[in-house]
Amino acid sequence: MADPNPSDSRILRIWDSFKSRIPEIWSSISVPVVAVIISLLIGAIILLISGSNPLRAYGALLEGALGDAGGIRRTLEKATPLIFSGLAVAFAFKAGLFNIGAQGQLIFGALVASIVGFGISGIPAIIHVPLALIAGATAGALYGAIPGALRTFTGAHEVITTIMLNYIALNITDYLANGPLKDPTPGNIVARTPKIFDSAVIPDLPFIEWLPLGFVVACLMASITWWLLWRTTLGYEIRTVGQNPNAARYAGMRVAQTVILTMVISGLLAGLGGAVETQGIVYRFQPGFNVNLGFDGITIALLGKTSPFGVIPAALLVGAMRAGASQMQFRADVATEIIDVIQAIILFLVAADMIIRWIIRQRAAAGDGISLSSGWGSNS
Amino acid sequence: MKKLFFSTAVMVLAMIFIVACGGGEESAAEGDCSSEEVFCVGLVTDVGQIDDKSFNQSAWEGVQAAEAELGAQIDFVETKDATDYLANIDLFVEQNYDVIVTVGFALGEATAEAAAANPDIKFIGVDQFQVEPVGNLAGLIFNEDKAGYLAGALAAMLSDSGTIAAVLGTDLVPPVVAFKEGYEAGALSINPDINLISTYHPGGLDVAFTDPEWGASTAAQAMDQGADVIFGAGGITGNGALIEVAGSEGTFCIGVDTDQWETVPEAQPCLVSSAMKLITPGVLGLVTQAQEGSFPSGNFFGEVGLADFHEFDDQVSQDIKDTLSDIETGLGDGSISTGYSP
Amino acid sequence: MATASPTISQTEEKSFLRDNWILLSVLGVTLILILYFYNQNAIVTTAVLAAALRQSTPLVLGAMCGILCERSGIVNIGIEGTMLLSAFVGFITSFLLQDALGPGAIWVGVVIGVLSGGLMGLLLAWMSVTLRMDQIIGGTVINILAVGLTGYFYQQGLTAGDKLRAIPLGPLADIPLIGRVFFDNPPLTYLTLLLIVLVHLLIYYTRWGLRTRAVGEHPRAADTVGVNVYKIRYVNVILGSCLAGLAGAYLTLEAVGSFERLMTNGRGFIALAVMLFGKRTPFGAWGAALLFGFATALNTQLQFADINIPHQFVGLLPFVLTILVVAGLVGRTRDPKALGTAYSKE
């Protein structure tokens, strides 16, 4: 495109167009890449100070996360629920809503998917798997609707209500798993539901053993979310409401309805994440599992700059670090908390991208920074 | 400024390489677990840390004792996420460890699965009740209710006010429930009119054992209404209760799991005893049996009982001691029942 | 939002008057209930109320951190992390100095804990004011960083000798009910009660408070009349985070006596809810914090009394109640207009 002389060969043309795009591509990935490198360096300094060997630690981390097919699978499995909860939080951010409640929506999704999984038998997997997934997603959506409706009809701030709803969800699910839904298998003393039937378990893909199907579903949902936000009227309304609720109202948009619908979709994404976790990893609902996955969604959404496609690499990065954490602790005797420190520094550097751009001498594109907390201060 | 950044980065890299090359031999010193001569024992924790002042730590101390006494080569993996249980066990399986200890009832399923897949490796599941015994898997379990019963009897005999309390972790964890039920039954056996006040932490599994502030405040709430003996059974939450009681004159506290005289020295002013489940010797015993080739399968009951009275020995009268030893005998031969069934 | 915005003091007064009858009736009913239960069972009522006050202390401190930050236009969701880090730093300081200083080490620990909270505030202010980073990201960075650093550098088996114990305030402590609840507490609890009044005075009765609120509402206008927006925001965020730091020091050095990983257990997030519940006023936040503290104490008491319902149901009551109250009674909270947005002089 930038080449003034038209080339003869098509391949050359493509190459030229690619070449002309390199700065653009570099500009979009340079900040995260450099951020990760700097964070690893700072992490290395901390490891050195406390007398550990950073190379050995990072080597073990990498080996655990990507060393073999099992490691890659574990990384993808860890990334899957993070993508879902990251999408849930990012989606709500677009409408100016801060959904701290992804955790509650996720565990309700996980619980309901398990109920459908062990409660219904004798149907083929092709029906049972999607049925349980849909049930989990619906549970999350309904639970997400509560703060949306409260916000719209009473003005109760979603930050308060979602924090409260998280605790409520925790109490209810704990009670159910230790009471009416407790696994009746003889000798069982553990608070957990029965195991789901094999027909509700998300099957493996043929031939590609390292790729969990749940991860594919997660990526699919990211694409759908992107499409919804950027290619539909609803998405346009959601973004407008997020940027300027008054303008949205002036333009005749149904702000109240949009707020509720946003929370419903956000909850649906989180609930589906819980269902995938139940049907793909845990095979039942058990207190002590699914801890913090919803809260992690906040970090993932921010790392991914609240974009549906940004969420995927962010979740992969964090997923890989978690998948390799045990290996690192085992082989290099390093406390796994170092990962949190590295993660915090990455997040800081990605957000404060001007620091990195100054280091690599790159100008920021207009409107490149992330801004979402203006949504917190909406005065509706 | 920019130069400074790059030179710092280069320096860090250089340092890393120096350390990396210097520390390379560390792993070479370790023996190969697949060989006959090297006896390897690995431990997988439940979610939490190896130094949790609770069951993970007690089990690890048992493995460490195996290192000292049996010359075993030992290592551990800390579990960060409950979905990793099997993957963490596999870290030891891949290295052909001889014995793998898994800590906590939550690992029961993963341990049974790993045991079935690796018949040559011995597995010890702490707090894991075995319904169908597998040859290479021993569940190390405890009658926590009996330890609780003794603690309750002691509390009832020490109490002047007639009110005793228990500050507990969560009822999602069966051993905690067993301690509580035993404690209450033991206290009632001494004094049927005793005022028993006990409470579980209101939060979920992720916070119930790591909330010392709640433990402390709840202990104070119990003392405000006259409780003069307080049983703190709930990991770090319970420790918070013990430390709170230590600041109050004339009030006793009873610890849990290990002899907390050693693990929570801040509680010494009130700590009359602890309701112990002796995980450490239990693990050591089973590891020893594994090495000797006399590994038991199925359920293996570890020892429970009261810890030493330490500096409170003078304040516990001979009558009390006699009654306690009668109860211990009764619990042993089955003539006394705690009334607890899981 | 459609109404013309009157000056700050007017809105405050108007909304206060409108809510007054609700507030007064709630206070009245509470008082009657307390007296009724005190008449029924004095010891238990006193014990529960004393526990409620204890449990409310870290919450109200955290909420006041939020109030100072948000009044100046900065969202601080890093309260949880600030508390956790200060709890750790305060405890470690007191541990390291206990041989050299004896009992005084605890107080040095408190001061250093508070200062480390201030340092986290400085970090947040730098990120959100100078770097103009998104404020929610800034707070999240602090939260993750605190979990990582405290977990990584945690050492087992450190003991700080003792914790701060209750100091009964002479004859005041002997008054029935009130004496035990208010005048028989450890020092940081007294300090907190004092701070609630001080922060109230700071916000509503000083030039600094007026400027703070102006900056939170309309930084551009404040700037034109010569207010240094950056300075106001920096100082408020640092000051507020010192309060969160005090909450952390309270946890390790007064409430518990040792540090444990993740021991804040979400109190920083509850503090956020408490702040919004109390409409960003110190006394409102105190009331909300007391309600939370009371709910926890009541849950304990109901289990003490062997009420035979699953404790999870009792446990979720305060959260349901909060939602109902926020939805019904408190209604719409009006955020400071410039909340969450960075300001640039241009």
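Residue numbering begins at 1 within each chain, and the chains themselves are lettered A, B and C in the order written.
As a working rule, a residue touches a chain if its C-beta (ideal position, glycine included) is under 8 Å from a C-beta of that chain, and two chains touch if they have at least 3 such contacts.
Predicted, not measured: the structure shown is a model, and the values here were computed from it.
Summed over C-beta pairs in contact, the chain pair with the top total is A-C. Chain centres here are means of the Cα atoms, and by that rule the chain farthest away from chain A is B.
Between the Cα centres of chain A and chain B there is a gap of 35 Å. Taking the mean of the C-alpha atoms as each chain's centre, chain A and chain C sit 30 Å apart. Annotation for chain B: residues 171, 202-203 touch two or more other chains.
Contact with two or more other chains is made by residues 171, 174 of chain A. Shared contact sites, meaning residues of chain C that touch two or more other chains, fall at 312, 315.
Chain contact summary for the complex, chain B toward chain A: residues 2, 5, 9, 12-13, 15-17, 19-20, 23, 27, 47, 75-84, 87-88, 91, 105-106, 108, 129, 131, 171-172, 174, 202-206, 342.
Chain C contributes residues 43-44, 46-48, 50-51, 54-55, 58, 156-157, 159-163, 165-166, 180, 251, 255-258, 260-263, 265-266, 296-297, 299-301, 303-305, 311-312, 314-315 to its touches with chain B in the complex.
Only residues 49, 51, 53, 165, 171, 197-200, 202-203, 207, 210-218, 220-222, 224-226, 236, 239-240, 243, 247, 265-266 of chain B touch chain C when the two sit together in their complex.
Against chain C, the residues of chain A that register as touching in their complex are 46, 50, 98, 100, 150, 154-157, 159-161, 163-165, 167-168, 171-172, 174-175, 179, 246, 298-299, 302, 335, 337-345, 347-348, 351-352, 354-355, 369-380. Within the complex formed with chain A, the residues of chain C that make contact are 1, 75, 127, 131-138, 140-142, 144-145, 147-154, 269-270, 272-273, 276-277, 310, 312-313, 315-316, 319-320, 322-323, 326-328, 330-341.
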